[in-house]
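Take a look at these structures.
Shared between the two complexes below is chain A, which pairs with chain B and chain C, respectively.
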Partner chain A sequence: MVQLAPADILPPPGAGRSSRLVSAFADRYFKWLMIAPAAILILALSIYPLLFSLWVNFVNYDFQIPGHDFVGLQNFLQVIQDPLASSALVLTILLSLTVVAIEFVLGLALALAMVRTFRGRGIVMSLLVMPLFISPVIVGQSWALFLQRPFGPADYLLGQLVGHPVNISWVGEVPWVYIAIVIADVWQWTPFMFVILLAGLAAIPQHLYEAAELDGIGGLQTFVHITLPQLAPIITLALTFRLLDAVKLFDIIFMLTGGGPGTATYTASFYLYQIGFQQFHLSIATAGSWIFLILLSVVIMVLVRRLLRVEAA
Partner chain B sequence: MANVKVSALHKHFGPVHAVRGIDLDIPDGEFTVLVGPSGCGKSTLLRTIAGLEEIDEGRIEIGGEIVNEMRPRDRDVAMVFQDYALYPHMTVFGNISLSLRARRMAKSEMEERVGRVADMLGIKSLLERYPRQLSGGQRQRVAIGRAIVRNPRVFLFDEPLSNLDAQLRDEMRGEIKRLHQEIATTMIYVTHDQVEAMTLADRIVLLRDGVIEQQGAPLDLFEQPTTLFVAGFLGSPRMNFVKGRLEGGPDGVAVKLNGGGPAWPLPRGRNPVLANGAEVIVGLRPEHVGRAGTGPAAQGFARVEAAIELVQPTGSRSYATFKLADQPVMAELQAHDISHAGERMCVDINLRRVSLFDPGTGKAL
Partner chain C sequence: MMNEREWRDFNAGLSDEVDSWLRGDTSRRTFLTRLMLMGGAAMLPGLGFTAAGSKAWAQAVDVSKVELADPSTPLGEAQAAAVKASSEGPKEGSAYRAVQAAQAYKAKNITLNLTYEAGLQALEPKNFSGPLWQTLTGINFNVVELPHPDQYSKPIAEHIADSGAYDVLDIEPAWIPALANGGVILPIDDYVTKYMNKADLDDYHPLYKSITLYKGKRWGVFDDGDQFALYYRKDVFEDEKLKSAYQAKFGKPFGLPKTWDEYSQVAQFITDQLAPNVYGAAHFRKFGSPGNQFSFLQQFRANGGKFFDADMKAQLTTDAGVTTLDQMIAQNKASIPGNNDLDAVAQWAAWLQGKVAMIFSWPPTGRISSNYAQRDKAINFIPQSSIADKVGYAVLPGGNGEMASGYVRALAAGSNNEEAAYLFMQWVSAPPLSLVRTMLPYTLRDPYRLSTYKSEQYRALWPAAKDYLINLCECSNNAVVDMIMPGWQDYALSIDRMCTAVWGGEDPKSALQKASAEWDSTTQRLGVAAQKAAYQEFLQIPGSYADHTIEKVGQAVHIT
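Let's look at the complex of A and B:
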């Protein structure tokens, strides 16, 4: 039998005021409590170092020179006057434009081929995107082994293909070393372009193609008049993402060429790594990073503006 | 300008047999409306004529030429889609002129033709706008403009008005009809809306489950439906169906409703060949049930007393529901013939316009 509590043992009104206050407090501030760990992490690992680096820009912070004297713009001048810095920047620009252009063309071609359904599409798709799931360091190492002379299979296979022995020093000679980097990067990141562009292609309404077909628009014209304009926002997005990633090119260089031969494959990231973490000129590396960041911000701003404009349209 | 002939057409979508052997002959310049409930195969039939769907069996001819293997772009037909399918990144001018540009037409001629079409549809001021800046009705006009600018042999419309609100739909319906009168090209129009079908069509083709249930002039279908399905589909509010049985009498055949009441003698000429006592379904259109006048019921009318249960005024007319031999029946009355539910009144039923159906086969008797 259910026992009902008699009314006189219920708490009198007002007795729960303190607990109500606690719950009101919790209701109001619970959300802050929930985001606190993430906020603290970001503050500690991103914001603090960023602000700290602002200070480092203008002082001596070098493992080879004791003390943290104010040096004005000296750190920036050091970077700007270093010919290696400017050649690394130029190489970064050329390499990233090259790889992104090739990845875009290949990715678009693949996406156009894969947008139709056919038997075995799932398996082909899985194979195509596999490189995306491999750590760039492993990709660099694998290509280093593949291209290594004389034991790697690359030269042998090429020799079989062209019918006479091939002896290319892929990581020891200009221009082959650039080609090697481009091949490794394109191998890894074409799937990224492919996946994004495929999603964009699949989202184009089928009715537009039907209307175009009935309007008498041919295949190439359909691509020019329907597919490309419809895909434009996605193309901008994919290029932006990929370009931002490509200018940070480091892992593949680190594993494949180590910046060599000589300093021929120093990219901006690799240069800053060398200055900062190999030679420990930390303040110079910081100043270099800031210069790179500012240059990059200009590019980002242009691209993001384009993206937003597409969005608004 | 061309006729369209469809013979023994079959189309499957996997296990679904969407079109089951359709034969259709549409003369040049006719406005044909394919109508039917969702899933009856009307859109599929239209898309096979356009060439957007391949056919499994049968033959499609446009202008006497078999087009089975022909690509849509070579068939010289134009289509207006339900969701307009305008090119979103092009202006109205770009949308209308794309097919002309694809044919490498001279710019001056192109502008002249687009201008003429835009004039005809009243969208001349919108030529520089983008589809997203247009209202639904304006988009529909642009879609029609895109179709007519290149003078196709046949126009296909796939439920073009179903995304518009009621008022705009009425307006556009009138414009499409006017357009057909102006350019007199063969038009095939798909809709599930029987009002659209009735108002637009030279000929209605009523489809059901992938076959043609009945085809003919709108009023023929309306007045002489060959099946229960056609009778119920056309007309708004729909035809009343009440169950009864046939009775032979001294003056010919009469119908007695299930649930009692006197037998109604059928007018001469309506002598269904069915045995005495056979079950029938009696079809009464609401407009053939009206308020009784003074004096006795006229020849060919049956008078019943009705206790009105529901009144739905529409302004010009009021629809009153009452029970006839225990079965609900709707009458179309003059707006002021009835004021409120619960009223009792006498109604006259026009027996000359009564339809009879065999409940087993659904066929008209």
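Let's look at the complex of A and C:
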């Protein structure tokens, strides 16, 4: 065994000092170095565009009009005064509430049916959640192919069902377009409600149901007094998530109706897309986006507060 | 092994096949055959054909990467002539001049980024003009496939981002004012003066000669004669029983409609007599389909409508507007069920299956009706025509068919290879190349040159090809063009919304009023004075209105 002299294992006094300095520097700043790429990325991709869009709100930023003159609140006024913007907003609210309500009811029914084990449950569950994994654009296109006359089979199948020819314009006439949109959206997103609610149901302590059974409480009362209160936080969560997603409804509209007939199925997102990326009135679209963001923020705040209250309780 | 071209065709065909299969208009056997091909292609060497080796004329130029037809066919002859014109001359020809000038870039290893509409439009530069240009000049090419609306929006987005992503743009003539004002495209006058043979410029049908001019400058080379024409079933119109029944009902002979009111009447009569086997007509009037705007604008002008008054107030809510929408509603009623949900391809499918007696559409209708197009595997997903020998060609009722869209090859501002890009544009649209590209079976490029209309090779493609070309030329003589003005996208969107709203049950007058309000808003936003000046310029273009067509200004060309 080799014996090391103290001079071999101890650093010289000067070297130790500088090493400590480096170490101290690293301790103090290395963390900033590590998060710098992420911070730069966020600044470049989120903060800068956000600030840029703030500026665009107040200038003319239209591809066909040269220059970027300051226009004050003109862009906001254009959106507010555009009847199409308000009708798109109303439709967004109505459609969102409708689809989320239907998806909730269906999702809850499915979750209640699937919470107990039975033979083939795994396969049925896999089939039920499958629409979740399909891109909304594909969902929209698939429903368009199914519903669109004269080659889509929907009218033919309905005709076979009712015993006489059916000629419904699912993508060209009110109210059928709304029904088509709701069907497509519900088909895709009911599984989302189902999965979340099923997880909530599975987490309810079994002893509560056993106690209810011992007390001779009926099924409906058990549902009202045990299942629903226990599930409430999860229901709020599911409704919040789904509602936030539903107000962005775009893909299915884009593929299925193109906003038509006329502008009957323009949602807020579709309206902004048309104005911004098809007509290139970027400043108007930006102002519209901000208005939409502010309105949506109010809804988000109410829902989040509700969520926090439920959690605290 | 499949060669590169066959793989491209196969993949393009496969996705279309899936779509068609889902629509139920192609056989599952075909679809499955393609899937089998995909799996087995690697084990089956020698699939397809290679063009090189058997072409004596091609010895001077290595064309092994170019898709070429049998040299004994009309298409093969035209291709041989195109290669010869590019490599040997005549020396004053635009094709030869472009290739010679492009030799300066041979060693520079540059790549031209060319936008094309995704799908069949893009097959042509991938299979023919791109590889041939590369062979002739050493300049690489990259075809950027974009859906049609993105051909407008993507170049704008890239221009705003100053990316220099594109060199040559495929754009609608009606987009020129907006793109020129926005600085997205460059004028090419200096290059034309320097390189183009003026005789080749004069070879354009007069309608297409002035269509690329704006503010006194030329903004591209015209490259696709999208002229609407009427295609009809001769067997239906020659049916003796129908003739006598029509005579008895209306007191006049049964024949091709000369006015839009007659068109509805004849279509309804045929539907009443022959449905569900044959319906009077079919139109592509689905939301977002350009069929709505083209139909409305051509009929509105045939009915005497004007777009704006002297103060640039929209003139849609007029007798001409109401009459046009009423006529279109009557057409929808007389047509195949689901008419308002059809896009252009679905309309063709109904036509080729023999379900309708009349359609008006773009020129590929003639080629697919005769089964000429379907011989190529790239397009054989389209149903075979069951009416190949029964199709007649005519000008539209009212006389003024829309030159509906078309394509101009434009020079992208910000191109890193501006001159090379221009030279490609000149070469690809030169008469010998233009002829070939409009003759390719799978092409969606349509004739626009007088030399093409007169071409013996084109006329030999199918028995009635000569009549087809003559009719296209006649239609262009009286054609009306799209509104070539800034804001066209917005004005056209309003028309589409208006039409689909009416198909959905809205009162025509109310829909017209809404569209007029939208038009006024667009005009206000772009500036009334600026729009007035642009409209005055538009009025100068032959084809702006029914009383100012090529025929009316005395420039008509009648070929035999």
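Heads up, the rule we're going with is that the second predicted complex is superposed on the first by the 276 of 313 C-alpha atoms of A that agree within 3 Å, B and C clash if a C-alpha of one lies under 4 Å from a C-alpha of the other, contacts with A are read in each partner's own complex, and residues count from 1 in each chain.
Rule of thumb we're sticking to: contacts are C-beta pairs under 8 Å (C-beta built on N, C-alpha and C of every residue); 3 or more make two chains touch, one makes a residue touch a chain.
Nothing here was measured: the structure is a model prediction, and the numbers come from that model.
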(request) Return fit or clash for chain B versus chain C, each positioned on chain A through the superposition. (result) fit
(request) Using the touch definition from the top, say if A:G262 reaches chain B (first), chain C (second), both or neither. (result) second
(message) Taking the superposition on A as described, I'd like to know which of chain B and chain C A:T117 touches: first, second, both or neither.
(response) neither
(request) Could you look at A:L145 and tell me whether it touches chain B, chain C, both or neither (first, second, both, neither)? (result) second
(message) Between chain C and chain B, which one touches more residues of chain A when both complexes sit on the common chain A?
(response) C
(request) Can you pull out the angle centred on chain A between the C-alpha centres of chain B and chain C, to the nearest 10°? (result) 150
(message) Just to be sure I read the superposition right, which of the two partners does A:S18 touch: chain B = first, chain C = second, or both, or neither?
(response) neither
(message) Just to be sure I read the superposition right, which of the two partners does A:S126 touch: chain B = first, chain C = second, or both, or neither?
(response) neither
(message) How many Å separate the nearest C-alpha atoms of chain B and chain C in the overlaid structures?
(response) 49
(request) In the complex, go through chain A and note every residue touching chain B. (result) 205, 207-208, 210-218, 221, 225-226, 229-230, 232
(request) Would you pull the chain A residues touching chain C in the complex into a rising list? (result) 62-66, 142, 145, 148-153, 167, 169, 171-174, 177, 257-264, 274, 277-281
(request) Using the touch definition up top, name the residues of chain C that touch chain A in the complex. (result) 19, 22-25, 149, 153, 156-157, 160, 178, 181-182, 286-288, 336-338, 340-342, 346, 349-350, 486-487, 489-490, 493, 496-498, 500-506, 511, 514, 525-527
(message) Give the list of chain B residues in touch with chain A in this complex.
(response) 50-52, 71-74, 77-79, 81, 83, 85-90, 98-99, 102-103, 146, 150
